[in-house]
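Dropping the structures in below, format is structure tokens.
Common to both upcoming complexes is chain A, partnered first by chain B, then by chain C.
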Partner chain A sequence: MSYTFTILSPTDNPLFTHEFGTSRSGGDGVARFTTSERALNPFIIHSALDIVEEVQWGPSTSSGSAPMYLKHIDKYQHNYISCWITGANVRFLLLTRPRDEALGLGGGGGSRGSLAGGRGALGGNVYNPTAPATEEAVKNFFVDVYEAWLKTVMNPFFSVANGDVVKSPVFRQRVAAAAKKYL
Partner chain B sequence: MTTPTQSSSSGGGAPGLRYPSNKKTIYDRNLNRSKNAELSRAAFAYLFVEMISYAQKNVRNLVDLEKRLNEQGHPLGLRLLDLLLSRTSNPLSSIRPTRILPLLQFIAQTLWRHLFGRPADALERSESDAGQYMLYDNEPLVNQYISLPREMSQLNCAAFVAGIVEGVCDGAGFATESVTAHSVGEQQAEGGGTGGGGGMWPGKTVFLIQFKPEVLEREEILGRGGG
Partner chain C sequence: MTPLQDATPKPPKYPADLEASMILPKQRASPASSLGSLPYRTSNPSLHKLFESTTLPASGSRPSSGTATPTASAIPGSVFSPGSRQNGAGTPGGMASGVSDEHRRLIQQAFAPHVAVLADMQTEEMIRGKGLTEGLLQLLRPFGESVPGKVTIRDSIGKSESFEDFGIRFVNPHHSLGVPQVPVPGQGLHIDTTNGQRDAIRSSSSSTRQRSVGGDVAQIEELVDRHLQYSEYNSHGMVPDYLHQGDLAAQSEGSSSPFYTLYLRRLLSGLPMVPHETFAHPVASIIAVSSQNPNPTEEFRRLYARQREGDLRLPQWVENDYLRYYVLVHEEETGDIAKSNQQFDLMKRHFGLNCHLLRLKSQQCIASDDDAVRLPTCEWMSASEELAEIQKREATDDITDPTPYIPDSDVTAIRTFIRELVAQSLVPQMERQVSQWNEQVLARRRGISGRFMSLSKRWTGFGSSRSSSSPALSNSNYDSLQGFYRPDSPEALMRKLADYSFMLRDWKLALSTYDVLRTDFNNDKAWRHYAGAAEMAAISALMSTAPLTSKTRTENVDTWLEAASYSYTDRQRSSAPYYALRTLALGLELLRLRTGSALDDAARWASRIIETGLVGTIGSALFTERVSVCHAARPGIGHFKLGSRHRKAALWSVMAAEKWFLLHKALQAERCIDNAIQLYTSNDNTDVPVKLPFSQMQAFIDDLRRQILGLRLSIKGYDEDQEDSIVDPSLIVEEATETLDTVSRPQRKSLIGATAPPIDVGPLSPTLERSEKKEDDNFE
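On to the complex of A and B.
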């Protein structure tokens, strides 16, 4: 599976982007996007923002607070978007592109690699973004990134309100480590 | 608009980056390290006096001065919002306020406790204006060592705290027209001093929080049942 992770400021500016592949099931952690897919990803992610704005305030029955983890919120073709929204309305968006086999597209249903990236592939080979295991893995990833994000934000030289781009290589390492650990 | 660069700066070998001598970056520190840490009042007073004189440079009038103090507090509010949200609950079930009331309670309880070691003294909704809320502090810590000259009696340096409150509201997605700090004691003394607050608490300060109309509109739609 291939992933693109983006942090968007409250004013929809991208502050950080990271691309990686799964490290589970023998994955090498390298994203396998084709050139055209790679070009399309930012559009898919930005279009998901509309959905984020719809769901971020929670159902009207809620007691006035909503979780930061919005789970799986959008799908475009075979790209699945999960979202985490911080208290200050900074959006973490994770785009998941399962391998063709995991979608049941690649033919050769019983082929050797078909279980790769199948953490969410319960009850068959088909990738399911709302499977509990997938949701949990993505959540753990987001929790780790959120902690690193908090530390970034607490830096007095990081201008929160102006939407500073995160340049710290240490932050990127942290994100990569969380990705390797959980996804 | 700036776009972040991809992957070019991965790895720790970036030439411009310098690590502290103990090799610990901010990412290696525990976020809860300073959870129960307290700063001495004197140290704060010294710092705050410097902040005020900094804000006072080339200032045109008192409104301008309060605005500058407000701006100093604003980024602090944005940061504290996320920090305190992450501390109040188990990070695995992180929640954020989505209605006005929980947000204000968060400010009056959690934020005030974090900043001043006690909750705010009262929280009221204005009767005349649905978008206006009043947060009372009987004895603002920031004003403790401040005595105002007569010609500046309209000034309230708690504008700094108002800026923090504004930062929290703005950050959480509740845009405010303004958050301002006013002394209550004075007004009541001028008006005959009937209210108990003025006499008991000469430094009593009210923070007026004025939300923007769109926030109220959203609140109404959400309360109605998703309509």
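On to the complex of A and C.
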């Protein structure tokens, strides 16, 4: 599985982008996007902001306080987007691109022309973005990144409102560590 | 009966002739060879007529009518207007601004009653003498598509409503017998027939069936591709296009591109005649006999017998007792009107209202005649027909328009005839049948006893369902071996009832009938019938103007669409992707008309079409554009337009641009990318050239735009090698204009080349140079 993690300012400017692969089940932590997929990723992440806004301002699903973790919110083709939203309206977006096998596409021609309804019957190893384990892992990742993020924005010389891009190598390390630990 | 014996041995003359005349254009050229012949197309004005449906807006010279349509002006409204109808409860009829219901009208026109046309030899010959090679059918067909005046239809509860756009389709039923794929476990139909005659018809019709039957997605794609190519190569120069750029981008968003409309229209034209739906089954049949015939009454009887049980009998699963309408064709020049009138009086006594005296002129009409009228083009011809027509016209170098002209008086006569046929016979007959079946079949099925019957059938029938090879033993009316219901079974009658009420635009009755049918077909495991009923249930639910709550929409319509597309493709061994595509495309268009959250569903179905590969490359580009339109139509709230989907729309627009670019359709790609940029900037209404938030995005779009521009230039003929050929700087201007011509008008170019070579390139041509050198050598 390959991931792209992006932090977007309230004015939709990207402040930080990190690409990585899974470290679970023998993964080496390197993202495997093809060139065209990589070119497309910013578009997908940007378009997911529409849904983020809708979930953010829409009717609350949980009673009481609004959650920061919005879970899986959007999907474009085989790219799944999860979102975490901070109190200052900074959006953390994580794009997940499962391996082809995990989507049931590995067989090649077998499922061509079949409607998605038939795909569900393929077996249990199909990637499911709303599975509790997946949601939990993504949440843990976001929590760690959020902690690091808070420490970054506390820096008096760094201002999100000005659209400052995060350059700190420490922050990048922390994100990488969280990714390695949970995803 | 003597006439019957007369009839059977005699080969049906006119279908054979029809076939012969049709075979000519059937030589399907490969796309490559069609590209080669492209230059000729521009010089052929008659060809331009064929592409009219799509060229006008694309060429940038669209007349003011384009901007006068409500769709064009309403685009900003759809993006900026405050969201009023949430939850998609809006009615498609009552939307004042925003979305046009162009496609809803298209859909309700598409499902029109089919009328078979059968004429005797004298009539056919007379009409062929007028220059219409395909006989009476060709003459009537374009006029049937829109019945003049309003047609008033009374629905099941007795409320009348008038429609202006009611139409009928004149068909030769044997041409629409084909199906894109074999409809049922095919063996049953071909081998198991005990009736030898019908087999003969099948084989004879199979040779011509490609012609006028639709339902072939690949051909639709090819046709739309032709239109696209034409627009690419015949658009105006770059400069006017840049002037009109704004218009183009604006047009594309609210309404659809003309190519998408064409795609939908061709998807819906030439509906094949299949057992699981009765839209293409003839509702009536015209039997035409010339007044020249010595004994018209006998001829009527003979043709009727042929159609009823002779060689023109339709397959078993088609109801045979449809309305027959008798037409006496009177020839103005040579015929004796007194005799014709006398004969017509006789007919009136026999057939009552169901007959007509059609007075036509027999001499051929040419364009320069005073009262000549060009035979209108058929709007609802199938993709294969239009392709054949395009190829035929490309192949001929003839400049003149081959479309026949007919005298004005004929047009009036035909219009009156069709008006009378529809208003006095066809529609009342359909209304009568609807109410009759409603009382006798549907009410009984719905009542207590009907429910009990269907229950008991289910329980007693399940033992024999295994051994359904003998349909007589099975309790179900479904003949699972041959895959159809006999036309007199209650299920078939109910399906007919539902289809009739759908064609008569009584959506409520249609919906409730389809719903009953759905459960019946489900119990019988007649999957294709089930899919058809679910499809039409969803579509009639969406067609009705009554508001639809979002709950019923997600609970019913979505499930039905899902079930239909699933049952059409995955549930059976022989899948019917055409029908699945039709289901999803119609569902998407109708959902789009109901604003609010229905737009999400529409976008979802559109992306489903793309993902499941129901369409080819052209279709996927068109539907990608469609997703973008669906997202863009969603209004936001307040200043920041919260809840609008402009970013999604822009993403899909970029995807569409990329797809068009890969298909070498520069105009379309450019339109999409302009649209995307507009959507990305729409949030802050500034005229500052925006920078997209991600630098990668900006780079991607800039790159794509550059490539598209390069593609456009190369299509226009500014090639590298041609730039090299420009030798003399002082001649660059002329050279440039010439290179433009190389692509579009080769004949002109060669002409210029022949007259003026010594002046143009003379001094620098290598041969001349060499000879000069030689001379020099000699001189020294």
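In the analysis below, the second predicted complex is superposed on the first by the 160 of 183 C-alpha atoms of A that agree within 3 Å, B and C clash if a C-alpha of one lies under 4 Å from a C-alpha of the other, contacts with A are read in each partner's own complex, and residues count from 1 in each chain.
Convention: contacts are C-beta pairs under 8 Å (C-beta built on N, C-alpha and C of every residue); 3 or more make two chains touch, one makes a residue touch a chain.
The model shown is predicted, which means the values in this text are computed figures rather than measured ones.
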item	value
Partner chain(s) touched by A:143 [first = chain B, second = chain C, both, neither]	first
Partner chain in contact with A:44 - chain B first, chain C second, else both or neither	second
Contacts of A:166 with chain B and chain C, given as first, second, both or neither	first
Which superposed partner A:130 touches (first chain B, second chain C, both, neither)	neither
Greater residue coverage of chain A in the superposed arrangement, chain B or chain C	B
Chain B versus chain C as contact partner of A:57, first or second or both or neither	both
A:69 touches, of chain B and chain C: first, second, both or neither?	first
Chain B versus chain C as contact partner of A:77, first or second or both or neither	second
Partner chain(s) touched by A:14 [first = chain B, second = chain C, both, neither]	both
Interface residues of chain A shared between complexes with chain B and chain C	13-14, 57-58
Chain A contact footprint on chain B (complex, rising order)	1-4, 6-7, 9-12, 14, 17, 25-27, 29, 31, 74-75, 78-79, 81-83, 85-86, 91-99, 101-102, 171-173, 218, 222-226
Residues of chain A that touch chain B when the two form their complex	10, 13-19, 56-69, 85-89, 139, 143, 146-155, 159-161, 165-174, 176
Residue ranges of chain A in contact with chain C within the complex	8, 12-14, 39, 41-51, 53-54, 57-58, 76-77, 112-118
Interface residues, chain C side, partner chain A - complex	562, 565-566, 569-570, 575, 577, 580, 608, 611-614, 631, 642-648, 650-651, 654, 692-694, 696-697, 700
